[in-house]
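Note that chain A is present in both complexes that follow, paired respectively with chain B and with chain C.
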Partner chain A sequence: MERFQKKYNIIFIIPALIVIIVLLIAPMVMGIEISLTNLDYLKNTDSFVGLKNYIRAFSDKLFYFSVIRNITYVIIVTSFNFIIGYWMAIICYQKFRLNKLFRFIIILPMLLIPASAGLLWRFLYNYDIGIVNKALTVLGLGRVGWLIDPNLALISVIITDIWAWTPWMFLILLAGIENLDKHILEAANIDGANFFQLNKYIIIPVTSPIIKIAISLKAIETFRTFDYVWIMTRGGPGGASDITSTYIFKQATSSLQYGYSSALGIIVMAIMVLLTFFIVRKWIMRAA
Partner chain B sequence: MDNESGLNMRKIFIWLSIIFILAWTLLPFYSLIIISLAKTGSISELWPKSVTFEYYKAVIFGSPDTRSIWVYMKNSVIVCSVSSIVVIMLSVPCSYALSRWKSKSSNAMYMSYFILRMLPPISLIIPRIILLQNLHLIDTFLGLALIYIPTQIPVGVWLMRGFFDSTPIEFEEYAYIEGATYFKTFFRIVLPVNTNGVAVTSVFVFIYCYIEYIFAALITRTNAITLPPYIASFASPWEIRFQLMLAAALISTIPMIVLYAFAQRFIVKGITVGAVKQ
Partner chain C sequence: MKKSLLWFIVSLVCVSLISTFSFIGCKEEATSTGEAVEEETEEVTEEETATEDTSAAESATINVSVLAGWVTTDGLIPAIQDALVSEGVEIVKFEGDGGTLQDTQMMAGASGTGEFDAMLAWEALMPLMVQYLEPLDDYLIAAGIDIDELKARFYPTVVDQITTDGKIYWIPIHANSQLGYARADLFTDPDEQAAFLAEYGYDLPQPNEIGAISFKDREEFSDVAKFFTRDTDNDGETDLWGYAPAGQGDHGECVFADMLDRQGLEYFDAEGHSLWGPAHPENQEKAIELLTWMQDLVQKDKSVSPGTTGMQMTEVNQLYKEGKAAMSFTWNVDFWGENTKPEVMEAWGNTKPLSWSIDFMNTEPENQGFMSIIGYGLSKDSKNKEATIKFLLKCLDEELRKEVHSTVGLPCGSGQIDLTNWLVENNLSPGGYIDAITTVGSFWPVSKTPWTETSAAREVTRPNLEKLLSGSITPEEFVKITGDAIEQIMKDAGHF
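Presenting the complex of A and B:
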């Protein structure tokens, strides 16, 4: 019966596998192939150049900066997602009237398409009529060129990403906290633990498996981000908010350097595959 | 006495937090609604003195210089539904087999699916553009679906395996002993217990396709434009039509609200399932 089942298991696996190989793995191989050529629709060249594109990538300062920015982006977004999401979850765990409504309101940003959220915030950051600058004027502070100032552009996008994706973190953390054993919390309360001690010594350590999963999934997802930066700043002004995905997108669509942007894409892919592999090994499937 | 002041401190902290969280979440939405209702002259007011529904009318019914949202919503719904149906048909059996077949190779395959799920979409833009150009599939529904299906199959496999893993195997063993075939067991016994899982997985795949922006913007021109590029099209480099754009953004949340309402009990499970293995 073992053998009999194994045959059928394979029949069930094969259709999906074929589609993945034809539509995902084959393009990937093709991407590697293109990355070894100087395919360029402006200069009209297409010949084999070996590893030249990769060598160029490793000395491309702009690409290097975009990777650094990408890492900063992931670290800031993920940590604030966690801090605000945890805070929201702890508050929601308390008993108060209209708690259900409060939870619904927290989830609202998740309902917007990321492209819409980016555009909405682009309006909020508008120099003349945006609500952020108007609030600053009311408070007696000057206007700020949120998306125009090269020093602020990336941070402004990061704030948008935090706003839009904290609900996701909130939902997971709330589920983790609600699954806690009530007796532990009661015992800690009787022993006189205050609110902050309760969080620090009980809730966070006990929910740490789910916290690790939430943070690692969020970090990987954020690494792939594109929509917010592209919609809000196009990586500008002057490349000041370029992250890897927008930099590659520009190399491909405006400069039409297909060979070079393919090589950059493959480098990013290699980084992601390694990163995902180790995160999964270490935090997600360890018990398997 | 000491305990009481501690309780009050805690209450103040909670209420301040609630106010802050509400402001943080709702102020952008407040701005969104106010602007989409404001007449052209009063776009910069914090509280609109004159309210108009002309932008919603323009977005819903179309106007001389605005294309109606329905065509694009229809496009989105067609592409996303077809992709989700195909993804479900392919990934559910695959996921079941991976869940029941305990071996090194099935574990490795499962791991590869997870890594494929997390691939950065940007890495594949070049080969995909070239392939679609060669097949004359730029700006078609089929072209978009051919991108979404392989991207979402790993998501489907990953989500469904969590559900299958938590289905007790005894039913199936009993069915085998009674002489049922593998296929009969799968369709008659395993699938009916996992309808929730299939529903949640379809909702997730649909949402991931619905919000996808890079490829929707990259390979559509006129016929197959979906909602994200349509909404983004109100912001051209030389002018941004904020009111129309925000009205469209608000209307485009309707399918999301319906889907989340439908799947709300399972959202968390959908995010973490398969990840928590004991």
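Presenting the complex of A and C:
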């Protein structure tokens, strides 16, 4: 029986393998191939240059800054997604009237496609006609250059991302919290545990596997952000909000340097693979 | 186990079927897919036989690229399709954004697949794609068109752009120029006029019979912009900006490039050197002077909102629609239809916007600004050339254009002189459009010579322009940074 099962295991795996090879391995190999050339539609060049593009990438200051901004973006967004999502899940775990309506309102931002959300916030943040500045003016605080101040542009995009994807974290964490054994919580209550002690010593430790998985997945997903930055600022003003995805995109589409942009993409992919390996091995597998 | 295997096979088949039908469903068909595909596959690959097969009696399907969500192709293509039904031509649209169309068409052209019959390009892309096209002269002559008469129908600079080595490669469907709008209620108000005269000692510029305002020079323009900048509700914040240009990204750079052209400067000289870079120090003062003026409007005069660095044409128009800008400048012609709707005109006293051209910026009469132009060309690998020519001829049809302008509301003309005059006379385009379009000399956004490095050069300018307008860098720094960078781009490209 076991031998029979082992034989049929291969048949089940083959279709998935085909999909992975065609949709994942093949494009990756082509990308690596292009990254080793000087493919450039402006100069009409396409010859093998070895690791020249990678050497150039490692001395590209703008690329470094975009990576640093990207990492900062991921840390801030994921942290706030978790903090806000967790507390919203705790609130929604309680029984109160209109609980279901509250949950529905919380998940609404997640229903907007990123491009629409980006456009919406672009207008909300508009210096002259945006509602945010209108509200600030009414409160006597004056207008803020949300998307035009180089020091604020990335933060403004981060706020949008947090607004859009905290509901996702909320749903995951709520599912985890709702699966807690209620007897443990009741026992803790009887023993006199207060609200914060309940969270610190029971809820968080017991749901930590789910928390780790949620944060890991969110971090990996956030690293690939493109839509919000592109729609809201195009990486500006003056490149102040350029992250790796927008920077690589510009190299390809504006500068038409496909060889170099491929190399940048491979480097970012390598960073992601290392990050994912670490997260999966250290966090998710242990959590499982 | 056997049950699991059976379910697995069933689910695999279902997924495959769903994927197949989804893929087929993605392609938009004018009529039933079966017949069109069958007829197309029956045509052999040899050109002569393909041309013979697509006679008027048989139907032919042509693949036409269109810009997704663009009002011009959204309105024009269905009208052309209706007109070509009787001639047996079916249009299959390939929709994409600018980047997708650029990549897909260029790859199709380079590999000779013949995927597109009619290729769409804008001014920056046209020179890059000419190598994949067939000249149209012989086809036009065969259709009974006199080439010289055809060229005479278009503005001379349009003809320059659509021809290469004297041969016509493109049929333009859209010719746009940046234009200013001005609030008629402010400019024509007697109290405003009296106040301006009292403050500045000369009359506030007034519109002519077609609603176009002419400014004498930059100083007059700056005075008017300062005059109209106000805090209308006394809350300490400016609510009415005298002047609102696009300042972000591509649209911001277009404002700069247009003004630059009118100073007699382009991005490149004839050899490809940056015209304000290390090879041309004599031009740097002129560039700095222009940039200083642009920066002063925001930082010193404060007649332009600092929010300009976050605005592209849509936001600029929104600012204008809400009555918060006395004058706006961007690709305003696109918004004429919207801004002349009664419900939109409420913000400025129920009057149509006045319009103004930027020709007052010309330092010499022969200097000219630039235009955006979009057109279709015939792919040299097309397997349906005869049908594609019919499509291109319909693009030239002025009566069809007039009908679409009247019903769908296409924003701009196609560079045809008579059509442009008709549009203005019939209130389908602003009066200033004629001034704007007749004072442009370069379609190529940055120079008359179609350098393929234009996009890369503009990519250098865009972020630095945002920094300049926000006061982060000085005009001298802008000239140094961008001049050096553009010079390097051209050097790396092997031009010198």
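Note that in this section the second predicted complex is superposed on the first by the 274 of 288 C-alpha atoms of A that agree within 3 Å, B and C clash if a C-alpha of one lies under 4 Å from a C-alpha of the other, contacts with A are read in each partner's own complex, and residues count from 1 in each chain.
Following the convention adopted for this analysis, contacts are C-beta pairs under 8 Å (C-beta built on N, C-alpha and C of every residue); 3 or more make two chains touch, one makes a residue touch a chain.
Worth saying up front: this structure is predicted, and the values here are computed from it rather than measured.
Superimposing the complexes on chain A yields a three-chain arrangement in which chain B and chain C clash. Look at A:144: by the touch rule set out above, it reaches neither chain B nor chain C.
When the shared chain is aligned, chain C comes close enough to touch A:237, but chain B does not. Contacts of A:8 after superposition on the shared chain: both chain B and chain C are touched.
In the superposed model, A:128 makes contact with both chain B and chain C. Applying the stated contact rule after C-alpha superposition, one finds that A:155 touches neither chain B nor chain C. Once the two complexes are laid over each other on the shared chain, residue contacts for A:76 go to neither chain B nor chain C. Within the superposed three-chain model, A:255 lies in touch with chain C and out of touch with chain B [touch as defined at top].
Of 56-64, 92-100 or 290-298, the chain C stretch that intrudes into chain B once chain A is superposed is 92-100 (criterion: clashing C-alpha atoms). Overlap of the chain B and chain C contact sets on chain A: residues 4-5, 8, 12, 15, 122-123, 128-129, 253.
Contact residues of chain A toward chain C in the complex are 4-5, 8, 11-12, 15, 41-43, 122-123, 125-129, 137, 142-143, 145-150, 233-239, 250, 253-256.
Across the complex, chain B meets chain A through its residues 6, 10, 13-14, 17-18, 21-22, 24-29, 31-32, 35, 43-44, 46, 90-91, 93-94, 96-98, 100-101, 106-107, 109, 111, 114-116, 118-131, 146, 149-151, 153-154, 157, 176, 182-183, 186, 210-211, 213-214, 218, 227-229, 231-232, 234-235, 240, 242, 245-246, 248-249, 252-253, 256-257, 260, 267-268, 271-272, 275-278.
Chain C meets chain A in the complex at residues 1, 5, 8, 12, 99, 102, 106, 128, 235-237, 241, 248-249, 305-311, 315, 318-319, 322, 324, 452-453, 455-456, 458-459, 462-464, 466-467, 470, 472, 492-494.
Only residues 1, 4-6, 8-10, 12-13, 15-17, 19-20, 23-24, 27-28, 30-31, 34, 84, 87-88, 91, 94, 96, 102, 105-116, 119-124, 128-129, 131, 134, 163, 168, 171-172, 174-175, 194-195, 209-210, 213-214, 217, 220-221, 223-224, 226-227, 230-231, 244-245, 248-249, 252-253, 258, 261-262, 265-266, 268-269, 272-273, 276-277, 280, 284-285, 287-288 of chain A touch chain B when the two sit together in their complex.
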